[in-house]
Amino acid sequence: MKRYITGRLVYTGFILFLVSILIFALARLLPGDPIQAAAMINTDLADKQVIQDLRARFGLDKPLYVQYGIWLRDFITGEWGVSIGSGETVFEMFFNRLPVTLELFAGSVIWSFLIGFPLGIFAALRRNTWLDAVLTTTSIVGVSIPVFWEGIVLIYLFSVVLHLLPPAGFVPFSESPLQNLLSVVMPTFVMGTHGAGLFARYVRSCLLEVMGQDFIRTARAKGLSEKAILITHAAKPAMIPVVTVVGLAWSYVVGGSFLVEYIFAIPGLGRMGVDAVFARDFPVIQATLVLVAMNVLIVNLIVDLLYGYLDPRISLQ
Amino acid sequence: MTMDEETVSSDIRQAGDSEKEPAPPEFETGRREPRRSLRTGIRPILYAILHHKTACMGILIILLLTVMALFAPWLAPHDPNEQDLYHVLESPSRRHLLGTDDVGRDLLSRVLFGARVSLFVGLSSTVFSALIGIFIGLVAGYKGGAIDMLTMRITDTFMCIPGLIFLLVLAAALGPGVHNIIIAIAALGWTGFARITRGQVLSLRQLPFVEAAHAAGASGWRIMFRHLLPNAMAPIIVAASITVGGAIMLESAAAFLGLGVQPPTPSWGEALRVGYSYLEIVPLFSIVPGLMITLAVLAFNFLGDGLRDALDPRLRGEAQKIV
Amino acid sequence: MAGLLEVRNLSTHFSTKEGLIRAVEDVSFDLDAGETLGLVGESGCGKSVSAMSLMRLIPNPPGKIVNGEIVFEGRDLLKLGDEEIRHIRGNRMAMIFQEPMTSFNPVMTIGRQVAEPLEIHRNMTRNKAWTICADLLRRVRIPEAGKRLQSYPHQFSGGMRQRAMIAMALACTPRLIIADEPTTALDVTIQAQLLELMKQLTRDAGTALILITHNLGIVARYADRVNVMYAGRIVEKATVRALYADPRHPYTVGLMASIPRLDQDVKRKLRPIPGQPPDLLHPPSGCAFHPRCRNRIPVCEIHRPALEKASDGHEVACWNPVREAPPCC
């Protein structure tokens, strides 16, 4: 197990390193460097000499690997640059918006689990019946439906037609807990749909696969009831592979948050990212990319460790 | 270093898989179905797909969309770009079956023409992704060692940035437009193909026929493309079908944010973007294009599902056992 | 004398896409308490399905027991409800499976799995069951039994797992154990040890044993009586002694001739049975064995022979049984 954990840690660190290079490269490949971008906004800077001086000051005239070193150092020390659009530091922007997005993440994960697991389990238990066909098709629809359209349809149904939920906007929990919940119900549901579909399909196939194995026959031969077999024998081995799709579901959630926050006008990190893309606010885009990648990597690391912990074939090595 | 741990853990996962492969119970017909290569068994595969309900549904929708895309000029009741500022944001009528958009263009005609962009972007970006991914996967799996290690770490690196976000950044960098969107989608879609191809090559590489090809003096490239690739095609085709759906989704997401195909080219995502502002007045303006996107993505996912069941003899055995 | 188990006209069929498979057809046999019965035949002949039918473990669909009676301890198992049959499984009748590698749950400790029958059928607490389990593992000669309860299956060798499987089968001191090819997957040396152990433990406990195997040598050594199966039917029934001294069915003779024996002239050639095992989807007409039979006569292709008494305790289903003593004896 120790070897496994160190292995996963080293792997994550290595990928993180590669990600930083990739993003640095992207940032440098983007048309116009930060100074030029700033120059477009602030015409005082348009003077060539001034630009030269600024390039030197920010180290943009040094070789690429030195620039990378500076960039990396700055990032680690929290110097994430200044938004070209708003003039705020990116670091501040990030931490101001983090809680909103975290709430959305938590909510959508809850929806994914709440919908995905029961669907998958029922489909497996009623395999090859009409119910299974309906549930399986539903789960494919769940992974196919574009979040932006789902969001719009839900807004139309629940806000325009039924007037049950606010169509957009976000109310902080500290202001009004109830309004806060109402404002995140739809966005989190939409963000969680892909994950739910994914879980449903995976839970079903893993459970079916496990139920077909020899040791389930052994359990039947011991006189266990089907219910007891499902709970004591099938649940754990079926859930271990399901753990591995949590990472994938998470990346759907993170990706979905960008569109969902945009549609529902929620002032979170996703909205910040989309706005930065619209405004070509490269310092913000860069920081967003790094943070998103780190987030996904860390979740995958946790998933891997959990997997190792759950499977005795790994944890007892 | 990480390499060992990676292979160890993936081995264990794979070992789990192979253990799950049920020994053929005596009461079944006894014969194991041989591994099906695409060359030998087109007919049974076709049979399996045509008997897979969801796959048939997927094929049907794809055919419909193709007809829409190809025959849009004949099917569309109006010129999709003809503006009529006296009749904007109209509800469905006999003249405009789905109503009109914000500048009075016929929505139905625009939806019909919209199939062109979606299918074109979906298919062409998938072809590019597949070409890049298959090549990288073949080389990585066949050469092994450091090359394999490095390329797989690089695919992992690409995979830890969610596709949509990657696409937005690339679209911002390259600028909007059909070609840039195709390039952007291909630039992030190759990873899946690389991983799948590599996995297939790794398992195929140990089979005797590869040894035999070596012994016969075949070159590395020949073995890769003439021996390994044809036998690795089944899961690649499944992935391709699903990737087309994903690419259509990404294209419309980019268009929805105004980063995709530029107006006035008719596109579902673009229609959705504009229609979204008029949701309360003319809901069909955003709902119909979105429905088309969903149907297109769904169709390719259905087809992928059916193909997986048809091409994977192991899963098919499973299904038979349950039936 | 009242037998422990009476199987009458048991038929189990499977419906597959290709057609109906009559995996077990019209099988009848008896078993007395403490007796060991060998069930022999090539793979696919229906011996495993018979065993699974006895436990009512045939997955339905696709399989179904379509006919027959299985009277065990005076009750017809086919008439029992799910609850009642569960009470018999693992308690009165236990099973040892062929695949020691996959027949244990990989994420549960051996101890929990061996203790399970005690927990369900004897309502024991986990603690009490574990003490008994440690004792059981000791009886199947697993070293450091107490510690080994905490192990997971992947930490056991194949032989050890099969020992644990025997311990699990013995947990509730059942009246009947069905061992389905218990040693096929193991090394030859371990096979002998395990069979010896099984024989000794069942003899001590007075447990009856149905030993399913394709290996006539194992049957000769460990069974009291033998049923030879072919294409889902019993073709010869006899005591071990009678069968070996005087095999009647050409198939049995063929099976014997195809086994290498140490006590024989090395120059004698092994004679495999010609042809392929029958395709149960399209079984041959008449006697299912006729396409491969040396003693075939015209009637074999048309009518199926019934089991008929050949001598005391010896029945054979053949129109033209082998009469002379086989060349090996």
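List of remarks:
A, B and C are the chain letters, set down in written order, and residue numbers restart from 1 in every chain.
Here, a contact is a pair of C-beta atoms (placed from the backbone, for glycine too) under 8 Å apart; a residue touches a chain by one contact, two chains touch by 3 or more.
Please read these numbers as outputs of a predicted model, since none were measured by experiment.
If you compare A-C with A-B, the chain pair joined by more contacting C-beta pairs is A-B. With centres computed from CA atoms alone, B is the chain lying nearest the middle of all the protein shown.
Centre-to-centre, using mean CA coordinates, subunit B is 50 Å away from subunit C. With each centre defined as the average position of its C-alpha atoms, the distance from subunit A to subunit C rounds to 54 Å.
For this pair, subunit A with subunit B, the centres built from the Cα atoms lie 21 Å apart.
Across the assembly, subunit C contributes 99, 102, 106 as residues in contact with two or more other chains.
Counting only residues that touch two or more partner chains, subunit B has 16, 19, 23, 321, 323. Touching of two or more other chains is recorded for residues 213-214, 240, 311, 313 of subunit A. Listed in rising order, the residues of subunit B touching subunit A in the complex are 1-2, 4-6, 8-9, 12-13, 15-16, 19-20, 22-23, 53-54, 153-154, 156-165, 168-169, 171-173, 245, 249, 252-253, 256-259, 272, 276, 279-280, 283, 286-287, 290-291, 293-294, 297-298, 301-302, 305, 318, 321-323. Subunit A meets subunit B in the complex at residues 3-4, 6-8, 10-11, 14-15, 18-19, 22, 26, 29-31, 127-128, 133, 136-137, 140-141, 143-149, 152-153, 155-156, 160, 208-210, 212-214, 240-241, 244, 251-252, 254-256, 258-259, 262-263, 273-274, 277-278, 280, 285, 288-289, 292-293, 296-297, 300, 304, 307-308, 311, 313-314. Residues of subunit C touching subunit A in their complex: 55, 57, 82, 86-91, 94-95, 97, 99, 102-108, 113, 116-117, 120-121, 152, 154-155, 165, 168. Of all residues in subunit A, those touching subunit C in their complex are 213-215, 217-225, 228, 232-233, 236-237, 240, 310-313, 316.
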